[in-house]
């Protein structure tokens, strides 16, 4: 573990925290090929940047991401900023020949995503989009099982991602609810995850038809932006993204897909649920119980068949050897540790490639865009 | 309980059994206004009719449904035959001024359903379509809760009905897999249920877009029909109905719906699952655990919120006073007992009307037809 | 099904209802060797007896159980009365050479139970104690699995039966809370069930140590018995049975047992839960989800092990062929139908024996008594 | 966070790893009063100590715990060694006036535990026994709820801790299976946890009666110790601890307790389960789903009662503000982070006291010893 790899983190909010913890922990839990050094943490807001640097033990902080990206001593640029900045930062990082990991969704649209793919390709840098759920051990196991044929031919993919954090109409009009910053609402935020998992587990999607809705069309402006109107009421603004986005899909291999993302499912906090039915078996995954994978095997003997609850905490399961004994669960943050492990091992081993790559991110973007087009045109659209 | 009501049952298969048991038990568990008499059981196949009559204690058997329908001593005609005969038998029964209960789906298409509605209306007889799940106590309770506003404004209806009985490609080409007899496959058989429940719980559907698939396109002819080909292989025939049918919907009240019916979900035996999210609460129902209703209330105090598992076995819950103490569950068949109870009480009380009526059945048929049209046209279709 | 068998039912309360329904339905769902005839329903209270006879379709009613037991046209005496009358009625029925089914617990104590066993033996009549849970299909399946060695050598039996119906201190002092009528509280009522299941599934118990408690020691006298005291307060009486009874056990085969019965587990309505761990596998059963059996098999391949949820609704599962298709669940009452089926088939086939017999009931009584002795002596007691 | 606190870790195995991670992360997730410095990691085996130091980023390593304990620059001694060394190291650390955190069970017996309590008291150092489960947020929440009266008077505590890692008879005779090193088997290892939780949640235990068993009495000697006998068979040795230990208990407040620890429950990996029933509510906790707490409230309205699944991931829940948004779960290791946070905050704030203290550890030891005495004497024993 002699060799180091220096990280420049852009964006010090929720994802910045998850990524910092991953860099901090990865070489403790795993024998990595390189040791990540928390070099610079960067945020537009200096107060945030400074506090974050101190809290998470970054060596320096910065408020200028261009400068960070260009520094000679930075090896990996890690992009944790809002969606509308991903493309620009990526292009700068690629020009500077940095390896790049970028939060999802990769871009605001297909056009941006293509630029990012091309820039990374041209620069010949390792590039990864942070679809961290691929490395939840239960989903990595699901992938192994599907690849080895344990589920047979796939007939159905059912992916849901249900949350409830904006159900209250008085929840303010934050940037995530404005199209210019977020691109879309539940669609890009949540569907992006379950589309990527569909690609990972089932394969490419050929066509889609969808529907989107904004249930609460106007919301109070957030504190700072807002103010009271002449009549003493809070000023309101228009929500310009979707609250919910559902779509049906056909996969190239003949499977059918059903996708649903919403922020209006009261009681569902992080309610991602994946069910896949194949000719030989079925699996079910629920993110809030992410250490478990349900598996129904058609090969079990007659009268003894049933969905079995695999606790994905055995040393033989993906990533688990780095952590704890059977039955001692890991949490949300470990999906980032696992992701970062594979990123730096790809760099350290000279493999130069790791999935999900920007190509994978582009593929997600194509589906996201096709769904939006379908919603406008009210008909099926090829991806 | 002095007055009797005589039943003529048409069709002595699975549904005939469920209905017979209901007539047998209903006046034991409940104080009904009329006592049902198991008068005549009718099936085209005499052997079946005779055995069934003996087994279930019907007073007589018949092989001629026209004659049964016309008998003076029959008060209720109960139609448990394949879908392609519902219309004809209904018309005959209405002409004879009999009350009618008919298995679902009501008809082969909207045209037939309309004829049936009109005939029943003209004859002024009590008419009911046997969507028995409305009277699973947990779903009746859900209805009460929604009506009383406990869920608030409804945003999402998620209805699934997953089975796996024809996943095996060597499963034979039975009548249910032929369009001329069954009308459709999973669509009419399973979606009919979750559409009716959507109407019951949420309201009318305004438009739909769907997709259907037949995964296994050719199957061996069933024993009796089949034979060996010249080369010693089993003769094959074409499947002419859908194996799976999915659709998205908009409700008139603004809610979004997601529906899925399939016979290719390995491990799902009778996997009906309903989730409804509203502005004040959410509910989840699973048919295989039909004595339970999950309920999330936004009104619970902070830090104590969560989906609670209501065991719908309390005397205060719908229909339960007739059965057993708390925690002593009832089964599938009780949904028919409850249905029949309300049918004969409607007749006995002179109310002359009970839901779901043929009108309700027609409404389901309209949605089923709209989905089929949408699948052909590959676009959204108004109901 | 030509031959009939006439039933005389003694006791028209909760159990009388469950048994009546079983006699009514058993020859409908199954091809039984004899057809049960609901001949006479008997209750001390004429009003109750008459109403019950009418409701459940018994041919006659009576208030004199001696007379019923002695009638020539009665073949089976079915005892559904309070515990303190089981012995006397059994002795009379045996003298009259009637087959007998008796509700559990068999007797008030070992001495009574022995008399009953001897009387039945001497009379050479079929005798059965109604431990109906043995014939919940999931538990019958568990028995098959254990007998065939699928669980290997048994190490642990964990049996709980948790209810909450007297948690409220204002719940009145009903007969079940008085030792002279009920013999004991949760102990005889609930432990009797899980002791019988332990015998059925694991084997004989060699020694026990226990503890009992009465949490609420005085309760209001029930309406009718009660009255207001001079000061206008409700009159109170002493609870003379246990509210909860727990014990540890050693089985003859070396397994350890843990038993708990309580009426003070708020939220548990009919919370029977059995877990058995063996050298090759484990099972879990929960009565409120009685159509399910959880099974962990050590023989499953590495990385794919887990408790699997067997829906015990397949035609290959015990008793299910008589009922509905896979996934269509049965309820509490079906355990009685299954019990009665085996009783009348034992009579009809001339086998003259069926389990659990009075001998089995006596064995339960011996354990119940040993636990009571242990509680008094505060030490381990041999059974 | 200016001030530092230097840690000396004794023992570099499983617990050493969990504690190292806690020191590494605690000041990242929380604003702690002191910043822990990973000063020296100590293990008897130099190879292990060196590798561990490097892996987890300790500044130094040592093989001499006496020297570490005596170093001036060590503030906290953290004892993660086998049970038979806890006492000696503690006494040395106390003499050197170091704050001490010691893994559970605190000691080999009551006599040792008393010495440790006295030494710590005399030295006036902060002392803590690492019963980490008290700081699983769901259990901390349970404590809050019980303290605030939400469960009312407690009637039942049901604690189980089921594992299966030595079910295979060919599993070798490791040190944990020898009385001289481990003190006891499942009893001290697993019952210690659920006894401490009982003290935490319900109160003091007044008397106990128990049973222990060693199912597999002889096992192969472990590699290194073992060898082949003359006949080519593996040499066997005697297991001198319990495989399973069960006991019943009375609490001082009148509640009844049921405890079970076993390593022979096939399929149970880390199967800790706690159920508490009170006069106003009940809770259930399962360690393998440690982010959830089930809660039944008797105060819920009629017909809407049921166990609700609280996801203990809200910012208002104990410790959660340091981590992730709702529904994003934490894992096993976070219980150690939370424990260490409170330890160093107790030191930093000058409070000098934190629970569970050595006194609490002694109290657990008294119950453990009383159970052992009860098993020998085959009768109830006062604690």
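To keep things simple, chains are lettered A, B, C and D as they appear, and every chain counts its residues starting from 1.
Keep in mind that, in the parts below, contacts are C-beta pairs under 8 Å (C-beta built on N, C-alpha and C of every residue); 3 or more make two chains touch, one makes a residue touch a chain.
What you see is a predicted model; the values in this text were computed from it and never measured.
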item: Shortest chain-hopping distance from chain A out to chain D; value: 1
item: Per Cα centroids, the chain farthest from chain D; value: B
item: Rounded Å distance, chain B centre to chain C centre (Cα mean); value: 36
item: Distance between chain centroids, defined by C-alpha means - chain A, chain B (Å); value: 41
item: Centroid spacing, where centroids are CA-atom means, of chain A and chain C in whole angstrom; value: 54
item: Sites on chain A at which at least two other chains make contact; value: 268, 305-307, 311
item: Residue ranges of chain A in contact with chain D within the complex; value: 1, 14, 18, 20-21, 24-25, 27-28, 54-57, 163, 165, 268-271, 287-291, 311, 313, 323-334
item: Contact set on chain A toward chain B in their complex; value: 155-156, 158, 160, 162, 164, 167, 209-211, 213, 215, 244, 246-248, 250, 254, 256, 258, 260, 262, 264-268, 275, 277-282, 296, 298, 305-307, 378-380
item: Residues on chain B engaged by chain D in the complex (per definition of touch); value: 141, 295, 297, 300, 302-311, 314, 316-317
